[in-house]
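Per-chain numbering from 1; labels A, B, C and D assigned in written order.
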Amino acid sequence: MTLATLLSAQVSPATGSFHYASLLVLLPLLGAAVLLLGGRRTNTWGHLLGVAAVLGSFVVAASLFFAMVSRPSESRSIVETLYSGISVGGFSIPIAFRIDPLTICFLLLITGVGSLIHIYSVGYMEHDPNRRRFFGYLNLFIAAMLVLVLADNYALLYVGWEGVGLASYLLIGFYQERPSAATAAKKAFIVNRVGDLGLFIAIMVMFVTFGTVSFDGVFAGVSHTSSTTLNAIGLLLLLGACGKSAQVPLQSWLLDAMEGPTPVSALIHAATMVTAGVYLVARSGAIFSAASIALTAVAIVGTVTLIFGAVIGSAMDDIKKALAGSTMSQIGYMILGVGLGTKGYALGISHLLSHGFFKAGLFLGAGAVMHAMSDRLDMRRFGGLRKFMPITSTTFLLAYLAIIGIPPFSGFFTKDPIIDAAYNSGGYGWIYGVVGQVTAGLTAFYMTRIVAMTFFGPKRWEEDAHPHEAPKSMTIPQIILAVGSVGLGGLLMVGNRLPHFLAPIVGEAEAPNYLSVNTFVTLGLVLIGAGYGWYVYARNEVPLLAPAGGPLTVAARKSLYGDALNEAVFMRPGQYLTRLLVFTDNRIVDGAVNGTAALVGGLSTRARKWQNGFARSYALSMLGGAVVIAAALILVRR
Amino acid sequence: MNPTDYVILAAILFTIGTVGVLIRRNAIVVFMCVELMLNAANLAFVAFARQSGTLDGQAIAFFVMVVAACEVVVGLAIIVTVFRSRRSASLDDANLLRN
Amino acid sequence: MSNSHLLTILLAVPFIGSVVVMLLPRHRPLLAKQVALIFALVTFALTVAVALKFDNGAAGFQFTEKYSWISYFGVSYSLGVDGIALVLIALAAILVPVVMISGWHDADDARGSVNGYFALILVLETMMIGVFAATDVFLFYVFFEAMLVPMYFLIGRYGGPQRSYAAVKFLLYSLLGGLLMLVALISLYVVSIKQLGTGTFDFTTLTTQLHLDAGTQKLLFLGFFTAFAVKAPMWPVHTWLPDAAAEATPASAVLLVGVLDKVGTFGMLRYCLPLFPQASHYFTPAILVLSIIGIGYGALLAIGQADIKRLIAYTSISHFGFIVLGIFAMTSQGQAGATLYMVNHGFSTGALFIIAGFMISRRGSRLVSDFGGVQKVAPVLAGTFLLAGLSSLALPGLSSFVSEFLVLVGTFSRYKAAGVAATLGIVLAAIYILYLYQRTMTGPVREGIERWKDLNVREILAVAPLLVLVVALGIFPQTALRTIDPAIVQTMQSIGVSDPPPVVNLGSGSSNGGTNP
Amino acid sequence: MSLVALATPIVAPTIEYARIAPVLIVLGAALLGVLIEAFVSRPLRRGAQLFVTFIALAVAFWAVVRLHGTSTLAVQGAVAIDGPTLFLQGSVLLLSLVAALLMAEREVDPAGDAFAARASALPGSNEEREFTAMGWTQTEVWPLFLFSVGGMLLFPAANDLLTMFVALEVLSLPLYLLAGMARRRRLLSQEAALKYFVLGAFSSAFFLFGAALLYGFAGTVQFGGIASALSSRAGQTGLVLGGTGLIAVGLLFKVGAAPFHQWTPDVYQGSPTPITAFMAAGTKVAAFGALLRVFYVALGGIRWDWRPMMWTIAILTMVVGVVMALTQQDIKRMLAYSSVAHAGFLLTGVIAVSQRGLGGSMFYLLTYGFTVIGAFAVVSLVRDSAGEATHLSQWAGLGKRSPLLAGIFTVFLLAMAGIPLTSGFAGKFAIFASAVASGDGPLVVVAVLASAAAAFFYIRVIVLMFFSEPAQDGPVVVVPSAFTTIALAVCVAVTVVLGVMPQPVLNLVDQASVFVR
């Protein structure tokens, strides 16, 4: 039974609490509207409203979750149609929300982590005069992200897809007066748009092929469609996923996106938005399962990115950029996971969920550190903070253990199965596995580097730094996330709970084997990486200025020349083309118009000499005219 | 007699008149050339009248003579006035209006 | 045929208004403005009444009225609206009061009088409504050409430093196109004499009863299309637009780009396709190429502009590429999308021009490089500008997205390569809008704008309706599409095309995009 | 053979006086005017002449109206009293009435009317100053004017070549004189008269010789006879084509077609402006009437021979008129070249050789006549110390100084440019429609391109008037007496009304556009 047939005919209309699904979106949307339109009047209580809106959504999500688990597993896909969005000719797109096990995972992640980060931001942004606006944007983001995962068709998904792009743009560029922030925001949006192009064209192909863009309609048609078309759709969807999830080749924006406030990096650029690509592939599992080339491409992209991001993460001295590299790498694992097909969809999603917790925790920790260090980011100027920030360092360390995959922390339970599944995927799958394992070691190295440089070793602070522990509003979310970092992985994977839960949507994945040889090799590599990192950055002195480093280090610092490539291939030629066209438009296209006018004018000036004032000359013209007339008459008669 | 000869003569006279208008500067002479053209037409009328055996052509000739006389009256008046103003009867001197 | 006088009244109100405004004393400009605004608002109210009485379910023209006008030429004064015309009339009726409010002080120290300015806007409104409501091709042409005159004076008398060059260029370009259309119009009339006995310009008669051979169709199509292409404007006959839009006052620029230019694309949809179906098919490939060039070319030039208003004008050239693309895609999605695009573009670009106008009047310069950091000093201004810009780049959730989506989907379903090529415009749109926003609104505050005041109540009042519509139509596009769809069905029928069926057809159930419960 | 002819008894011709009453009334009044010059004392002459002139024109018009519906030959077939004749005679009379109003104007020039105090006095002499100081006026202009009008009435009615020749001379000779009678810039005026006379005489010689050749072919000068001779007889191609060509030269000179147009700018510029107005309107109507009758009635049978020739001339005329006008700096010369271009447009109606062509041409002549008189009337009001300020640079900012006059002039310019809702558009439409119906589409395309280019120089004037700053010591707009005011009002009214509601006149045209044969 193919995934596509599995999926069809299992949809139920919304009943009971599912009618309130639209509240999920409406609450944060309303929050955003009030905060953004309300102006200064809402300054005093705006942030509270923002928090309340997301918490409300979380409550709804949680109640939906419980309502769902109380239903039998084959009737957990519920669709709530709100109204007719577009209906032209034979083509209609209803505005409809779909709640199924896959969606509910995301709903919980988004509203849950989202709530924590909102709470964190109350403290983090306390002294920012534009805090209200910040919360408005955050609420907007939550709403858009929820639309993305709730959508029942690709068009509505696209609405959310670009909506989160907008929120990301607004939040990256939140410190608008900093030109670097404005540039980074613009870059993020434009690179994302390139990816969106893929999704957009995929939607067009779906419409042409299936006459509909609803999930069910598309999936129902998969078995009747040529693999060429499906591969095309799959590759286009992958392009979309690459843009949103910062996968090679559209990875370049994520590092710059760290210009945004740290809670944004935690929520959008680590936990939720950037994982949308994973969601897209998993959601389109029916298509990818029938499109082998596209699926392979997904796995390759994931594999390339996971090592790519890790290499960059190892070289950055900016704590947030180092974490951003790590995010790319971890999403690479997820993409690899979903790139393995039915066996891997659930694994990718589970790593996504656990990553959402520990990476958010890491970023919030980094934010707390920044907060303590007067907004500095250079880890070479940190050191020894463990004593000054006990809670932050503890939560950070727990998240650290989770990400490098030490059992029994979350990462171990969710990353290892992906490596394992890669090895078991047959063909050249072992290559993914090897790269995944090596990168696991690399992950341990760079994470150890971050921890060592920040919390251990001597103080290398600048003179005006007075580190202190963060306020409660900031530490409590960190603690909660740390708890998730510790236990979520086990909770999801032991007994194959999550894969089971997701099976009606993405197919049944094999239960992972945590006692295989691969696991031990991976753990060995992790220990080597961590040990080497500790050796270099804790046992030896960290220079205040970065040493020259080898060619690989230099390249990694320049994010492996991704920006340079973009600049050489797209920006420069684009600028020349633009300049050339401006010239063309003025001189050639418009020049032709003005030239014609000038030509006629010149002709006129010349012709006026004919009118020379001499009557006899006029008479000669008349005679000439008579000759012309005679000639015309005679020529015709012949 | 062959009327065609007269018509050819008329054509020659008309051509002489035309050329005269084109090459002579003096307004009076130019005017006389125009009269020559009119009279060439008259000759043609009369010749054709003879050819076709109708009287119309001959009657027309009289009309034309009257009209030509009127033209003389008006023309001379204008030429004389211009001559008085400019002390010149040359057509080429009157070219303030141009371009 | 029973005559409804609603449309005539709709035409008469702004016209009477213009006369009244002209007759008001010159030394009381405020009174003139108020009276003009009242007339514009009454026109708007009447339009709302028409829209409410409009039957979305019925095909064909509604509120028809017909009187013989010049029977010698078979011309009648006949009006009527279908869904396409109705939404465009609504567009005009909304934009006119908005630009009056936004341009309240435009004419205060111009060389022309305040009365003249507002009277010209009202005359223009009459023409704009007339051009969409006419169901007689001759009457359409009359409005089409007569419309140039008030616009010409609006640019030439009240515009910027290069106004007379821009105004003359605008007028000559349009006249040249219009006169070629005149020849085609006359030929059509002559054919109608030969085939029907009596000549007529009645649109319905011409489309249903005339049989043109292919050669004639091609020639006449070119005549009409040239006029519309100049008006639209399409590449490469677009060069008048940047000059005209940049030199006109923001209010005039809004009407020019927002409504006047739509007459071109409206004409293609209403006249070129149904009158000359065979020729339309014949020329479609060439037109698609031109519109795609226009999309890319307009966008790239917008990126390269140093003058805000010229920049916005070039973005419009790109947008018009999309509209024409949608029309000639010959699918109901493409054409409905194109129609909606005309409306949405009017709102979003209108808002951009108006806000750019606020910025320019504050700074006294049109150069992008003279701005920077506006967001810091005037956040509301920056916010509205961003929202308008986002609509212009077709962000989902805002109105332009729906239309762009439909146009592209509609194009792709018949012309794959064209559809894909046009999507590149989406990326370019992001670049030109965000690059503009970055340069003007973000970064450190530039000197000369530190003491700016944010938008005042009047200015907010001018922009708010447009932005509300941008959002509302983005979320509930079906309110407009419902009206447009029957007219598109009619148009498709008269061209004799139907939408290509999906490759995989799983029966009627799956052609509906919704989930079947 | 000749004896047979001579033997025929001479029968006294029957003359239907009533049918040629309009001509007789005007010519009679002219003779009365001559008598007034001889017998009425100087102070009373002007009043008497004005009275006679206006009464005569009005009565003649009434006589034309009385003849409405007549379609017959009169005076032994020498004159045709049919629809075209009556319509054109009516037009000439109305235009003459308006022109007479301009001629009667005495308020705009502080020294008196537009005519030299004494045409015979040397320009700049003491004698001239004395006459001027005495306030003498040259009241002979009135009988001369009436003679000319008489010629114009007869010209389109003439049904044989001789009558036509006589009418041509009766029309022209007084005009030669009137052209030389300007009060200001007398050297220019006299030069205009001289050129007009020499070239006019030259052209009428061509006409006459052509008439002789056609007579030689047909044995008659009556149009009906020529037509039947053409249809029944072959051979003697030389006579037919030579006659056709030479007659064409004579008539095309009068209508101002290129390359026989070169007198137009010089004479228009040099003549007193009211006379220029009269010439531009009246002569064009009369000469085109004659041209239409000759080429439709007499030469209609060989239209396939002369149509290519007319095509050539028409295109040449339009192009030359437009191109030359583009860079003119003198408003009167510009209007002169514009009238050349209009002659080109009118020729497309002649080429059509159809009832619609005839009707369209007649309508165009009427509308153009009022427009051009109005335009020259405006020219006569813009003055500085040296008289009329005709240099275009002097018109800069006129819209600021006198918005009303500039507005009126704009109406005329728009009408000449053929913008819809003006009479010029209706006229162009009528003519172009007839040309297209006769298969002259390409010619119409040329005409349309020429109109687009022509729009440039009309617009240039509007730009100058409205969009430019007034010069420091620019001309003033004088307030005219009731004469010019009425004339202007009539011209504006006709231009607008015939643009908006042309149907009644078109009805008239439709009934009138059949030649009696």
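Methods note: a residue touches a chain if its C-beta (ideal position, glycine included) is under 8 Å from a C-beta of that chain, and two chains touch if they have at least 3 such contacts.
Here the structure is a predicted model, which means the values were calculated and not measured.
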Between B-D and A-C, the pair with more C-beta contacts: A-C
Distance-to-centre winner among chains (Cα means, whole assembly as reference): C
Mean-CA-position distance for subunit C and subunit A (Å): 36
Geometric centre distance via CA averages, subunit D-subunit B, whole Å: 24
Chain centre separation in whole Å, for subunit D relative to subunit C (CA means): 45
Centroid distance [mean C-alpha coordinates] between subunit B and subunit A, Å: 96
Contacts with two or more other chains, residues of subunit D listed in rising order: 194-195, 198, 202, 206, 265-266, 456
Residue numbers of subunit B (touch at least two other chains): 21, 30, 91, 94-98
Multi-partner residues of subunit A (each touching 2 or more other chains): 608, 611, 613, 615, 619
Each pair of chains that touches, named by its two labels: A-B, A-C, A-D, B-D, C-D
Residue ranges of subunit B in contact with subunit A within the complex: 18, 21-23, 25, 30, 91-92, 94-99
Contacting residues of subunit C [partner subunit A, same complex]: 169, 173, 235-236, 238-239, 297, 300-301, 303-305, 331-333, 336-337, 373, 375-376, 380, 383, 390, 395-397, 401-402, 405-406, 408-409, 412-413, 416, 419-420, 423-424, 426-427, 430-431, 434-435, 437-438, 441-445, 476-478, 481-482, 484-485, 488-489, 492, 499-506, 510-517
Residue numbers on subunit A that touch subunit B, as the complex places them: 608-609, 611-616, 619-620, 623
Of all residues in subunit C, those that touch subunit D in their complex: 68-73, 111-112, 141-143, 145-146, 148-149, 152-153, 156-157, 163-164, 167-168, 171-172, 175-176, 179-180, 182-183, 186-187, 189-190, 193, 219
Touching residues on subunit D, where the partner in the complex is subunit C: 359, 400, 414, 417-421, 425-426, 429-430, 432-433, 436-437, 441, 444-445, 448-449, 451-452, 455-456, 459-460, 462-463, 466-469, 502-503, 506-507, 509-510
